[in-house]
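Read the structure below first, then the notes.
The chains carry the letters A, B, C and D, assigned in the order they are written, with residues numbered from 1 in each.
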Amino acid sequence: MDFQFKLDFKVRDYECDIQGVVNNSVYQNYLEHTRHEFLLSTGIDFAELASQQINLVVVRAELDYKTPLVSGDVFWVGLNLERSSKVRFDFIQDIYRSNDDKLALKAKITGTAVNERGRPFVPDIIEQLFNHNN
Amino acid sequence: MDFQFKLDFKVRDYECDIQGVVNNSVYQNYLEHTRHEFLLSTGIDFAELASQQINLVVVRAELDYKTPLVSGDVFWVGLNLERSSKVRFDFIQDIYRSNDDKLALKAKITGTAVNERGRPFVPDIIEQLFNHNN
Amino acid sequence: MDFQFKLDFKVRDYECDIQGVVNNSVYQNYLEHTRHEFLLSTGIDFAELASQQINLVVVRAELDYKTPLVSGDVFWVGLNLERSSKVRFDFIQDIYRSNDDKLALKAKITGTAVNERGRPFVPDIIEQLFNHNN
Amino acid sequence: MDFQFKLDFKVRDYECDIQGVVNNSVYQNYLEHTRHEFLLSTGIDFAELASQQINLVVVRAELDYKTPLVSGDVFWVGLNLERSSKVRFDFIQDIYRSNDDKLALKAKITGTAVNERGRPFVPDIIEQLFNHNN
């Protein structure tokens, strides 16, 4: 599968739980970090936006857990960004174990941006991401 | 709405991120803890099962983020358990802010159990939960 | 031992790691939450202070791990606050397992406050805590 | 300063808290991951040891917080291992911001190993680490 952005990771032992696998919630950390690194690669700084009261927020997350990652696993997260409505965009994000490209997780994370009054909008800098792709 | 199990929480400041709200991934922690406390209330000990190589696992998570929780918020998680297939069950889990019962998050967490050979099955103790509800 | 503030907790399974015990870093979460709840009980809101650019910060942490907490454990954190210098204060924080009062962790967390220019100072509201104790 | 092992990291936004800096507890995650990667580089697999009921445990942690890391910071953790007693060893671990080598944190983490009966001992594979350094 083709992704417009990829990021490499390695499982850290503190991310694993009693079952000896990466805890379910931690995958959202991996996905978030990948989104923020992707945005940064296009010139968008999540933390700086937050300090300007422009908050990129997640409105929905769908995660399909396919193969648990375990201690020592090296993996990568692939990301594609799609427009889903006037004020919403979807991050299609899949996680693959690196040594055998086995699918670990499939996810669709739907986001929007809210301004300082809490109203959803798509800031110009995000808008550019879509024009860029056309 | 009616729930067969409820658990009270309070936001802890370390759970909040740069945006000053509870980080998206942390809601999965709240949901997991609620599921495990629910199971415990029915006599099922997640950790003990894990030590017997019977692993309750999440195969899919759907989360709709409605209202961000912030520092100081008291909230509760409601849970209903439903059978979704022969070897799968759905935890319907909603999070409500306590002071005004405002909906913070809606979630459906689909789980199964896998035995020591990694095969999905529904152990008798889980099976009982459904008979119990009839 | 006598503490000026106590807070009850229960271990959550996601806080446990591969070894089946609460991960070392998580105790700092317990200690932080207890400090913030203690401060709140005296009228000091950590998050509100942060939004005013008055940051309470930890400058040193000493933790002695005595008995690991495990899944299902109920425990409490005791706290005493002591002045250690003109601009520093120590939180003496011990964690006890509730069922047998066995000591799980001893800690001394040294803090200060920094103003918007990053200079250490002790704000009046913190100053009051010490007068209060005399 | 000279370190026998170094590991590179980048701050992830979910590690930052309300104050916009890496949360105090997260540094212990960085330190743990560095210790485990160091051990792995010498052939010692923390997770595999745990599955054999040989548990490497932290008995004491001292952390001096010098400069807060923030969103976007790249940093590295340096590690030296020293024998501190017959059954204890100290990991001297410092964290430096990469762009200016500014010291972010100094730490001394004291560990031991406990066997399946909970008795402290130093397994041969750890013993070798010290002979190796002589």
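Criterion: a residue touches a chain if its C-beta (ideal position, glycine included) is under 8 Å from a C-beta of that chain, and two chains touch if they have at least 3 such contacts.
Because the structure is predicted, anything quoted here is derived from the model rather than measured.
Name whichever of A-C, A-D or C-D reuses the B-C interface, so over half of the contact pairs are the same residue numbers.
A-D
Measuring between mean CA coordinates, which chain is farthest from chain A?
C
Name the chain pair with more contacting C-beta pairs, choosing from B-D and A-B.
A-B
Averaged over CA atoms, how far is the centre of chain B from the centre of chain D? Could you give it in whole Å?
33
Would you kindly tell me how far, in whole Å, the mean C-alpha position of chain D lies from that of chain A?
Roughly 28 Å separates the two chain centres.
Give, as an integer number of Å, the spacing between the C-alpha centres of chain B and chain A.
22
Using the touch rule from the top of the page, what residues of chain B touch 2 or more other chains?
13-14, 16, 18, 20, 23, 25, 29, 32, 46-47, 71 - these are the residues of chain B that touch more than one other chain.
What part of chain A is in contact with chain D in the complex they form?
12-14, 16, 20, 29, 32-33, 36, 40, 45-47, 51, 70-72
Chain D touches which residues of chain B in the complex?
So the residues of chain B touching chain D come out as 13-14, 16-18, 20, 23, 25, 71.
For a test of understanding, state which residues of chain D touch chain C in their complex under the given definition.
Interface residues on the chain D side: 18-19, 23-26, 28-29, 32, 46-47, 50, 55, 57-65, 68.
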